[in-house]
Structures are given as C-alpha cells and as structure tokens.
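Okay, structure first, notes after.
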Amino acid sequence: MRRIRDMIRGRAGELLRDGTVNRVLGWTNGEFYYDPNPAIFETEKSLDSLVYNGFSAAMLSKYLIEATKKEGRVLVFLKPCDTYSFNHLLKEHKVNREKTYVIGIGCGGMLDIEKLRTLGAKGIESIDEEGENVVAHTLYGDKTFARRDALLEKCLSCKGKEHKVYDELAVADDLWEWETVNRFTKVGELEGMGPGERFSFWRGELSRCIRCNACRNACPVCSCLKCVFDNPRSGVQAKANADSFEENMFHIIRAFHVAGRCSDCGECSRVCPQNIPLHLLNRKFIKDINAFYGEYQAGAVAEGKSPLTEYATGDVEPSIVYERGGA
Amino acid sequence: MQKIGVFICWCGSNIAATVDVEAVTEAVKAEPNVVFSTNYQYMCSEGGQSAIRNAIAEYGLTGIVVCACSPRMHEATFRKTAAVAGLNPYMVEIANIREQCSWIHKEKDEATEKAVILARAAVAKLNRNVPLFAGESPVVKRALVIGGGIAGIQTALDVADAGYEVDIVEKTPTIGGKMAMLDKTFPTLDCAACILTPKMVDASAHEKINLYTYSEVESVSGFVGNFTVNIRKRARGVNSDLCTGCGVCIEKCPSKGAKSEFNQGLCNRGAIYIPFAQAIPNVPVIDHDACIKFKTGKCGICERVCTAKAIDYAQEDEIITKQYGAIVLATGFKPIPMEMYDEFQYAQCPDVITSLEFERICNAAGPTKGKVLRPSDHEPPKTVVFVQCVGSRATVDCGKTYCSKICCMYTAKHAMLLREKYPDTEAYVFYIDVRTPGKSFDEFYRRAVEEYGVHYIKGMVGKVAEEDGCLLVQGSDLIADKQITIKADMVVLAAAIEPDPTARSLGTMFTASMDTNDFFTEAHPKLRPVESPTAGIFLSGLCQGPKDIPDTVAQAGAAASKVIGLLSKDKLMGNPCIAGCNEPLCNGCSSCELVCAYGAITYEDKLVIDHGVRETRRVACVNEAVCQGCGACTVTCPSGAMDLKGFTNLQIMAEVDAICR
Amino acid sequence: MPINEEGGAFKPLIVAFCCNWCSYAGADLAGSSRLNYPANIKVIRVPCSCRVNPLFILRAFQRGADGVIMCGCHPGDCHYTSGNYFARRRTALLFSMLDYLGIEKGRTRVEWVSAAEGAKFANTMNQFAETISALGECRRLEDIRCVESEI
Amino acid sequence: MMLKLSKDKIGELFQKIASDRTLYLPVDNNGQVNFGRWTPDAAVRLDQLKTVKSSKDFFFPQTENIVAFKRQGKDISIIEKRDANEPFVVFGVRGCDVRSLDILDRVFLCDPVDSFYKARRENGTIVSFACSEPEENCFCGVFGIDAADPLGDATIRVIGGDLYWDAKTDKGRALEESAGALFTQATALDSDAIKEHDERSREISGRLPLKDLDLDSFEESALLEKFNSPLWKELSQACVGCGTCTYVCPTCQCYDIQDFDTGHGIQRFRCWDSCMYSDFTLMAHGNNRKSQVERFRQRFMHKLIYYPANNDGIFSCVGCGRCVAKCPISMNIAKVIRALGGVSVSV
Amino acid sequence: MHADEQRQTETIIRTSGVNVRKCMKCGKCSATCPNFAEMDIHPHRFVSMVEEGDVAALMRSKSLWRCLSCFACVERCPRGVEPAHLIEAVRMEVIRPQGGNRLRPEAVPALLDEKIPQQLIVSAFRKYSK
C-alpha cells in the first residue's frame, strides 16, 4: 500500500495544482503507525503527511456530506468497500457527485490493532507491514504476526475489490491478496441455536454497550441530522441504556433503520469500543432480504429503490419466520 | 393543558348490560386532564349530543372522548357535534366499547375493566391531539382528456354537457381513434362510422370542448383540482383557421408513397393528407418525412393550389400551457406486432393479415372499397381461416398473459360478415375457448355457427405455409384429435391488444401507477375502477384494461361522472389526517418519496432554521391535496421527520402505554 | 397453563394494531356477530398496516405486552393500494430479527383480515391468545422500570 | 508495612473481601475487560492493563435514579431514590484511574456537594494496582502520576508469583485487617524485588512515546490564544461526534437529567452526557456550540485550560490513554496536546 | 392410481422440469408437430396424460419413440409448457429400469468424427441406447 500512498500523494498534488479540486480528503499520520486519522488537506505541502496504510480503515465517504457543502470540489480516496457507501450517499442525495473527485484506491486488507493486542503485542510503538506478515515493534520486543490473523472482521469477509464508482483508479499489483470468508456463516450459526441460547448470546454482547453512539456516528447510512434516540420529542429518546430493554431497543431499531440500505461496510463493529459484533445484526437483515426478496447489495449502484422502499405482490408472508423451525 | 370530557354511552342495554357504565364514568375521572365525565342512554341521540355540547360550553372542554360504538359508526356524528359547540372536530376520540367490548365479553367485570382501559387509551391519545384543519384548494373548472378515441370523446361529451370546459389532446391528426377504423360493431352489426361520426361532430361542435389534435402532453405539474399541463401542438404545416377543408392540396400532392396509417398500411396516402374522409378537424397535415418540399426544398404545389392561403411550411410546434382540475387518461390500445410470429408468416405473406386490417378491407371506405379481396392479388378469397388468441394468454416471448377480451366477438363478427357477403366463401375459426360473456354475445356467436355456417375448430394453428399462391394452414382439431391442414386464401390473426405505448411516459408524468402490462391501475379494483390512485387522475377505456365498445363507453361515462363530481366543487376540502414533514429533522434521503403511492411527496431545497443553525437543505414536502394519509412514509422515515396528523407517533405510543399500563 | 404471580390463570396482555379499512372493520364485525375473544386483547386503530412503526411494537413489549399482532387488508386489497405490501416486508424482517435475538417468535404475528372476516378476526385472536398463554409472560423484551417498579 | 500473599491464593483474598462487601474488579465479558462484580466464577483479568471503561462507574454511574414521582389518580407523590449505604471495594485500579477520582472529587464534593457521589466515595475502598508494563498509549507520567506506586486506600503489586499489599489509608488498613490472616509479612528480599519492579516500570515509562507531550503552554493566561487557535478546525474535522472518548474517560463528569415515564409515574434519572454530542446542553433557543469544531474544542479546552484554571492547575486528564486506544477515527487528546502544546501558536 | 404409476408420474414431472398445470389445452403443440400422423398419442395428450397421472399408457405407446425431438412444440407453446421435454422424461423413465444400453458410452469415442455436431452425437446416443 506504500506504493499506492506515493501514487495518491502525487496525484492529489497535481489535482490541487491544476485546480481540478480544492481540497483533498484522506488520512494524516498520527502519533503511531497505527493511528492515522481522516483529514482534509488544502495545500500541496500538507500532503506530505498524507498516509495510506493497513490502518487507514476509517471510511471517508461519510465525511463528504459536510465536505461537499463547501464551495469547490473535493478529492476523496475510496477503498472498494467505501465506494458502496459513497453510492448509497449519492442515492440518498447526501453527497453532491459534482463536487467530488473520486480516486478508487486498491486495498490490501485493513488491520485490527485490537486483534494485534489480543494476539499479545503490548506497547506497540511502530509496525511494519511486510507482505503476508505484520511486524509489531513494541516496548517489550518485536513480534511477527500473520497478516490474515490481524485483519479486521470486515476485511476477512470483504465484498470484493472492485470499485463501484470512481473517476480514476490508483491500484498497485503488490497488494496483498487474501481468501475471504462467507460473511453469513456466523449468522447461520446463531440461527441454528435455540432461542434461549441466542438470547443469552445477544444479552452477553449487548450488555456491554455503553451507548457512545460510535456505531451510529461512524455509519455511512446513519446520516440523519437528528437521530430519533437523540430527539426529546420523538418519544423514544434515550441517552443511556437505563436497562436491558434499551440496549436491545437501540440496536434493533438502528439495524432496522439501515435495513435495505446497509452495505455491510462493517464500520459499526470496527469502531465499537466494546467490540460488540454489531455487523451480525445488519447481516441478519441482509441475509433475510436476500432470501426473501432476492439478492440485493446496497450501494452497488447509486440509484433505484431499496428492498424496504419497494415490494412485490408475491412477497413472502411474515409467517415465514414461524415456518423456519425452532421455538 | 387540556380539559377533557368523557362521555359514556349505554347504547340502551347494548353496552350497559355488560359494562358498568357508572364504574367507567368514575374510573376515567382519575385520568390526566379529565375534568368531566358522564354517561347517557344514547349518546348519539339529540339528547346525548346536546349533553356533549352543554358540557363543552360549561367546562370549557378542549377535547372529548366518547365511549360508545365503533368510530366507523359515529365518529363523524360526534365530530359534527363538537364542531357545533365550537370545538375542533379532530379533538374528538372514540373508545369502541360496544363492538370491541360489550358485544364480545360476557363477564361484566371483565368488560368493565376493558372499557376503562379503552377509555384510558382514548384519553391518552386525546391528550396528544392538536386541532387539525383541513386544507382547502381551489378547483380549476376544466378537465383534460388525453386521447380522442371513443372513450375520450364520450368522457369529454359527458363532462361538457354538465357545463364544464374540456380539452381533448389527441396525438394523431384526427379524433376517432380505433373505433373509426372499424367496419361494423358486434353484436348488433351497426356500422361503426354511423354511430361514431355524430359523436365526433358533437365533440367538435360543442362550445365547451376544445380539441388539440396532432398534439401531445409535454409535462404536468400540480395536483388534484389544479394541474398545470404543457401541451405540444405539433406543426401541421396548415393553418387550421384558414383551411376550408376543400381537399385540393391532397389531390394535387405529387408525393404518394407514404403508407396510410388509418388503413393499416394497406394503401398509400399523400404527404399532405387527412386520415379519412370524416376526420375531425377536417384539416390536412403535412407529413414532414414524406413531403418533397421539406425533403428537398422544392415543390410547394400545395401552397400554390391552396386558395385559402392556409399552407404554412414555416409553422412550428407550439406549447400551450393550461390549468385543469381533473385529467382523464383515455390513451387506448394497439394490436401487438405480429412480425415475430414466424409460424403465422405474417411478415412473409401479404394474405396473412390482422383483424384490424380485415376491418379496413371490409370497410366501404377502405382500400378495397369494401370488397373482401386478397392483398396479394386482389382476388376474392374462397377460404378464410381466422386464428384466435394470437399473442393473448401467452406466458412466453412477446405474448401477453391476459385475455384480450374482444377477439372472440369480432372474429365471430368477421366470419359472419364474410359469409353474409360471400356465402360461397368458407370461414374457419381456430379457437382455444370462445368467451362470450356479454349481453346478446353468446347468441351472436351461435348465429355465426348455426345461421352462417362458420366452422369453429377447437384447437390452435401451428403453422402457416405458402404454397402455389395458397396458404396451407396446419392446426389441431382437438375434438377429433386430428391434425388438419386447410388450404386457405387468407388468414386473419386475432392479435392481442396492448396499451398504447405513449401510456408509459404519461403514467410516469402523472404518477399514475401501471401494472406489469402497462395498463393503468385503478385506485381500487372493485370499488374505484375509474380512478387512478393519484387523486384527480381518472381512467377511461382500454388504457385500464381490455374492453369492448359498450364497456368503454360505460367506463367513459363513469369517469366523466367522477370528473363532474370533482369539478362541481369550488374548493377541495382535504383530509386533515395527512402526513407532514418536520423540516429540521428531515435528512433528505427520499425514502418517503419512494414509498408514497400517490406521488404526494416531493423534495425541495429550503432554508431550514434548526436550533439556531440556518441552512439550505433538501427536505421533503407533502402535498396536502394529494396525500391520502396512509402513513407509509412515516415508518420509512428513520429520523421521524415524517409524521401523520391524527395518528402521530406520540399519539399511538400513548395509546400503547395506556393499554399496557 | 402458566399461572401468574397471584396464582390465577395467566391472562396475556395482547396489543393488536388494526388497519382502519379492513381489520378494524373485521373486528367490529366480530363484535356485531357476538363472537367472543379474550378481553385482554386491545385493538389500536391505525389508518393502514403500513403506519405500524417497529417502535410501536417494541414499545408494547417494553410496557408489558406479552404479544403483539398486526392486522391489515389482504395483500392486493389495501385501501391505499400498496401500504400492506410495505408493512409485510417490514414485519417479516422485524419479526425475523426478534427471533434472531432470541425473543420467542410466537409473540409476534401478522394476519390479513378483511372487513367481512369477523369470524376470522375472532378465531385469529383466540388462537393468538392461546399461543401467548402457552408462552407465558414476556420477559425478554420487558423494561423492568415499567413492569416491576411501583412507579 | 508491606504484606505479601502468594498469587495462588488471590481467589481466597477475593472471597474474603467479598464476604462482607461488594467487590468489583476487572473481569472478562466476551473478550472485553471491564470492572465487574466479583463472583466465584467470574473471569478475573488482573493481567489486563486497561479496562475499557474506567472505575468511574462505581462513584458516578452511567445511569442513576435520583427521584421518582408517583401518580395515583390526580395525586402526585415524590419518592426519593437512593442506593443503600453499602460498602464496596474496587480492586485493581491503576494509578491513572486513582488520580481521576481526585479530579471528580473536586467537581462533585465542592459546594453544593453531590450527595450521591459523596455517599459512594465514602462507601468505596480503592485497591490500586501498580503498573509493571505500561503501554505505548499511556502518558500518566506527563501528569505526574507514578504508575509504579499508585495512590489509593491500598496498593497491590504483582511480582512474579507474589502479590504485595500496601495499605495506605485507614480504609485500606480496615480492609487489610479483615483479610489479615491470608497475608504474610514482606521481607527485605521482597523490598528489593519491589524496588526493582518500581524502577523497571518507571524506566519503561520514561521511554514511552507520549512522555514528551508538552503541557507548559496550557495555562489560564493562554485561554484566549488557545481558544482562538485555527488548529481546532483542522483537528476536529475527523471527529464523528460520538461519545466514545467521553465514556471511556475516567475524568469526564458531565451528565444529563432525564425523566422516564413508566406509565405509573416518572422515574427521574441522571446519565452521562458527552460534550461531543450535538444535543449536549441543547436549549429551546438552540445550541450554544453549533458545530463539531466548537464541541470538540470544548472538551479539550475544559480538560486542559478551564479545569486547571479553577483547580490549582490540575489538568483534568490523567493520561490513561483510553481515548487514544478507542477513538473510532484515532483522534485524541495526545494529538491535541501535540498540536497545540509547546511553542505558542500565534493567531 | 397405482403407486408405481404415481411415482413414475412424479419422476417424470421432476426430471422434465415441466409444470403440466400451465397447459391451457390450446393444442398448438399438436398443431405444429411434424410427425403428428405417425403418433397415436399426440403431443397435447402427452401433457394431459401426465397431468392425469396416466403414464403407464404413455410408456407403452409407440408414439413415445416417434417424437423427433424437433422441439417445435417447445418453440410454439404459448404457455412455455415444453411437451418435448416431457416426452424425453417419459423415455428416460422407460429406459432407465431396462439397464444394459445397447450403445455403451465406451463405444462412442471410436465413432467420433470431428465434423459431426456434438448435438447429433448426443441425440444419437440417446436414440440408439434405447
């Protein structure tokens, strides 16, 4: 990905210089190797700190909502998965396509710093990405891990490396390739459990929720100006999970509100400070939608209806839920 | 703070026998903001209503709950009562303690407890009610009819006779539509022109009817009662005001190569032409593609011969913008193309024709002056085979899944007319089923068989082949379980009919929904068959589904009566229980727009002031005159910006809370 | 049959959302035909099944309902042409999700009841009440603040 | 006086402590370690340096009922809600979190005293835990915290197979007494081991990448200069406005008071709030901090300027590094200090 | 209906993939059939007989082997019923229990000629293995 970083630094400089774009949305380097944060670059000089590495997981498309409200055009770097979100934002008129210039960038799979820590890397000062390996230089010595073991969940089940929308591409042939896993396996496992088991599973997970709203605020689909849960007049406002019902309620409704719109970008799970597998809620809806109404991939295109804004007269009845066995 | 009065009805013993109305009266007094409660034998009687009116005045009530029969029964009654007493009618809630309580429960304790809970839920909801006011919109007293066939003409005449202005927009140079092409009509065999032409004349002469022929609808905006429509009046090349209809130009036109659309391409016409003699208006048009003057700049004969100086080559399309209160879609139909049916050799053999072509051949004003002659050699046919259901009831390829409805009858008519004119010509009809529901229809078909000796063969034709100037028609005779081959001189295909292709773009323009076959869908298949789900848009004739002339005329009249009903109002009172967008919450996602069955939601860029932030945002706007209040949008809206007046999120949740308390 | 805390037979609390045009009228017809169903079923009238927000369904459970049923016009007969088609998709997905979270799936149901089907309405309600009685009180989606506290 | 206990016997210690008071300590719930109630089968994780949430919860819980209003007919009665006065122990609190309680005390215990907080502080005993292996995102040293020998009512160190107990206050000693029988006296040899442990820990702290964060310029006199810095816009651009940093922070103390209608009355509770939220201190007229730039600035201005200005120069950050580890987009106070600290930025 | 016949009917319907209920009895299959005269049971009756479960007669009939598999009926059927596929399935139902195909697959390579269309080989194989 270093090669791509050099390519996009150069291209961003050119595009700023020739006036094609007025600003650049990318990632800037941080204190450590693993903490680049999204940033807007307005000068060619500032591009020196533009980074792109295995920790540039934070998706940029949602930032375009604000960025395209400004005068002029913004250059944005979109990984393949981010292009789905971008398409979705276009579809819902959140982002002005005219004001964006998209460089689709190749991706070698994003890394999960938490996984590295769990694998035993303590006090990580810097990291080297070396092909199929990741080397962590820590306060307590160097440690090498298989890149695959350190991949984010969302990357393990990557939807594909094809960019759905772009103005130009920046890809390199030295990108690490990996075999993806079926994203519905875990959902299927849960479906196979008894209701009591499922209930305990979800209670265990959702009871950790601290209602920081990171899942919601990072979600490219959750782009309401004011969420129902923040609105004192909605009748369902809840700033904190006062009890287990509210833990369930927030996550059921959030998943429902993004049902048919969620492209399964996995940001919700990535950003969760308590590591709750929120993507399993969204994937359940996606799996059901595919089974009930035909395969649908949100964000594959920038127009058309989504499964919950259309219908077919021959749709399955809700009673299908009872027919699927189990109590 | 509300002041609520609760009125409990005994409904004689209907309620009072199972519900302890006194106990309910007492119990509801503990509910928030209830300042008064009472019960009465018959709340809906004058005595009961006056008790309500008095209490409203005496206690200064801001809202009332009536615990009585179903709201479907007397909600309107009590709303009126409230209005008389100066209360907003939407500050009335009904607790259904009869149909949904006293009538279904036998135990008095149980029924009383439930009645209290239902009353409590109604109070809880009422506490969240706000006065609602129905929006009013003026009605433009003019209707637009799109399509000038028999459906459009009939609708226009009926509306105009009621005293309202009607404009007809017809895309061809004349009104008359498909019916004008027909020879005779079943089952009475009266001549189509004889019954249609007077109607065409009536329409053109009617002081309230304005014809825009050779014109098309370009765009539309607005809503029921107040549509604004742009009509493109295509350049005729002839000034209608000056033209006397003498026909000299048509006679002298040197270009004769264009196929006559009216005669189904069976003969030619000039570049300047009128489709048929009785055309209305009787003003020719210049076919730009065929005209030598337009193609080469030379010629100009018509201009020279026109003594009225009506020819105007420089004429340009004109856009006319007008307002209408109601719009009727009467876009009609056309037969499906037969070219892809290789087995019938339609494209290859001139003597294989469609039924509509056969109509023209039978017609005295047609290409053969009414003599039935084969197109190939102009010889009279001795054997004619009619094939029914060509492209109808088919689930494959280019066919239509529906029954085209009219073919059985016109095929019987054709065979009968043929046998009548030429008794020594044999007529064979291949049929799958003969469908004749209709007044005197089956009798008509039986006459064809019994009196006219038409040979009906149960089966389908599998192959038509030309051999020595004859057509070998191979088909099944299912009753004999035989494959038969008939040596015919002419084959007539009863082609399936489909909506006119222009309907699709009009449907989009008017947000009039269509089914998979591009027929317009009605607001309700049984109860509102001539209305589109979009308010103010009505359906007339074949554009809604296959039908014959009597049905078309009946539906045209029905559509007219709906239009008249609408135009007779000065103002439309909307239903105030409609969706509304809380603009600061709207995130502009368009989900609501996508689920609205009525096209009532549009998006606009608006300045929104949201807690001190001023921003121009894309927000949803509900057209109050169009919204029907179903609430589909409210659930699809993730932010809760869309809410339904009279059934708000908070109201429904208050009911839930009260019931579950 | 499950017994409630006071020792009596458990009477489940059921909330039924009925569309104004078909199902509510069907419920009325059940009444006019004097067809009995349990008193603990309470109907909330909504204009159309598409008005039923998942929030309302969860709300009912939060507040102590043991079962929630939604009734609407038969598919194809919606007063608003397409409302119940949307409702059908929404509830199919929502109910599947509740099941996935381990909430007993018998607690939610959708039934299409026309204005002429008073008997069907009553039968449906009786059956549903039986199902819920067998399941007992809903614990998995309750809010202890609403159920247990005296406040 | 240092006491000693074999690590194998730690379960007995927990059992002993839990016998007459509630014991909270780091436990694992599906891979995430948070302070939780000790039970014999709890998955205790003392090896975890940082819990996701801090120990703040036990003194200032995320949600807390404060009063209720009961409705009966048209009468309303007021019911006070308070936890029973029960003693509890929070075990394994790191130096940073111990310091955070001083910072919270200065908010909740000054006039008017927050009686809910006060009661919990009085009931709670803190057993701190010396850090042996600080991590790269730790920077408590910048705030003068000695992670190797933290404060608290009692401090434990785990060195090799032994746990060392060092009671520092009366509360700590009281706890020690109740568990006294389990301990043995530490020897001189142990003292050497402890010394070595502390030195090693301090040595590592001295090498931490964030040790050189420069706080010198964050002082009251620089308030306007920092407030007006153009860097806020740049720094805040990435912020998604979630409350992660706030909720994992041991010193954030903002709360909201909300009413919940139970159907029978109103339950009034307070719950954490975050200045990062768009609806934070939302008023009828609008929001005094209309954009994320202002909200973002508020959080850091408060921690680095406003709070110290009112509290003898004590920063309201303890360098625990949780926000550094948990921010969804990797923006954090360390980056802010790096950008705005040190040499003054002229406006 | 005999249990065997019922099973056979089900197998035929399953292997052919034909939904016999789609047939609207128009007879176009028989109308278009080039070998109609050679058959005692005609294509349209094939469909109705399978629908009725009357397959034993079909399996015995000579017409079964007179079908040219020209697929004219499949091509022309307005309802997409595909009678020829049904006939093929009935044939398979007759052949399979017989075993011992006269033309064995091993024998085919020797008969191969590059100029022969593959389709022909497959049909021939089908035909001569009966």
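Note that the chains are named A, B, C, D and E in the order they appear, and that numbering of residues resets to 1 at the start of each chain.
What we mean here is this: a residue touches a chain if its C-beta (ideal position, glycine included) is under 8 Å from a C-beta of that chain, and two chains touch if they have at least 3 such contacts.
Computed from a predicted structure; not experimentally measured.
Fewest steps needed to get from chain B to chain D, stepping only to touching chains, is 1.
Common neighbours of chain C and chain D, listed by label, are A, B.
Look at the CA centroids: the one farthest from the centroid of chain D belongs to E. Farthest from chain A in terms of Cα centroid separation is E. Taking each chain's centre as the average of its CA atoms, chain B and chain C sit 37 Å apart. Between chain B and chain E the centroid-to-centroid distance comes to 47 Å (mean Cα coordinates, whole Å). Measuring from the averaged C-alpha position of chain A to that of chain E gives a distance of 54 Å.
Looking at chain B, residues 595, 636, 649, 653, 657, 660-661 sit in touch with two or more other chains.
Each of residues 54-55, 59, 63, 76, 82, 86, 90, 145-146 in chain C touches at least two other chains. Shared interface positions of chain A, defined as residues touching 2 or more other chains, are 226, 228, 231, 235-236, 242, 308-309. Taken together, the chains touch in the following pairs: A-B, A-C, A-D, B-C, B-D, B-E, C-D. Within the complex, the chain D residues that touch chain C are 68-70, 79, 260, 262-267.
The touching residues of chain A, when paired with chain C in their complex, are 187, 190-191, 195-203, 228, 235-236, 242-246, 248-249, 252-253, 255-256, 259, 281, 284-285, 288-289, 292-293, 307-309, 311-313, 315-322, 324, 326-327. Remark: chain B residues 70-73, 96, 98-101, 103-107, 110-111, 113-114, 117-118, 121, 513, 521, 523-525, 533, 577, 595, 597, 628-632, 634-636, 644, 647, 649, 652-653, 655-657, 659-661 touch chain C in the complex. Every residue of chain B that touches chain D in the complex is listed here, in rising order: 29-30, 32, 611-613, 657-658, 660-661.
Per the touch definition, chain C reaches chain A in the complex via residues 54-55, 58-59, 62, 75-76, 82, 85-86, 88-106, 108-110, 140-145.
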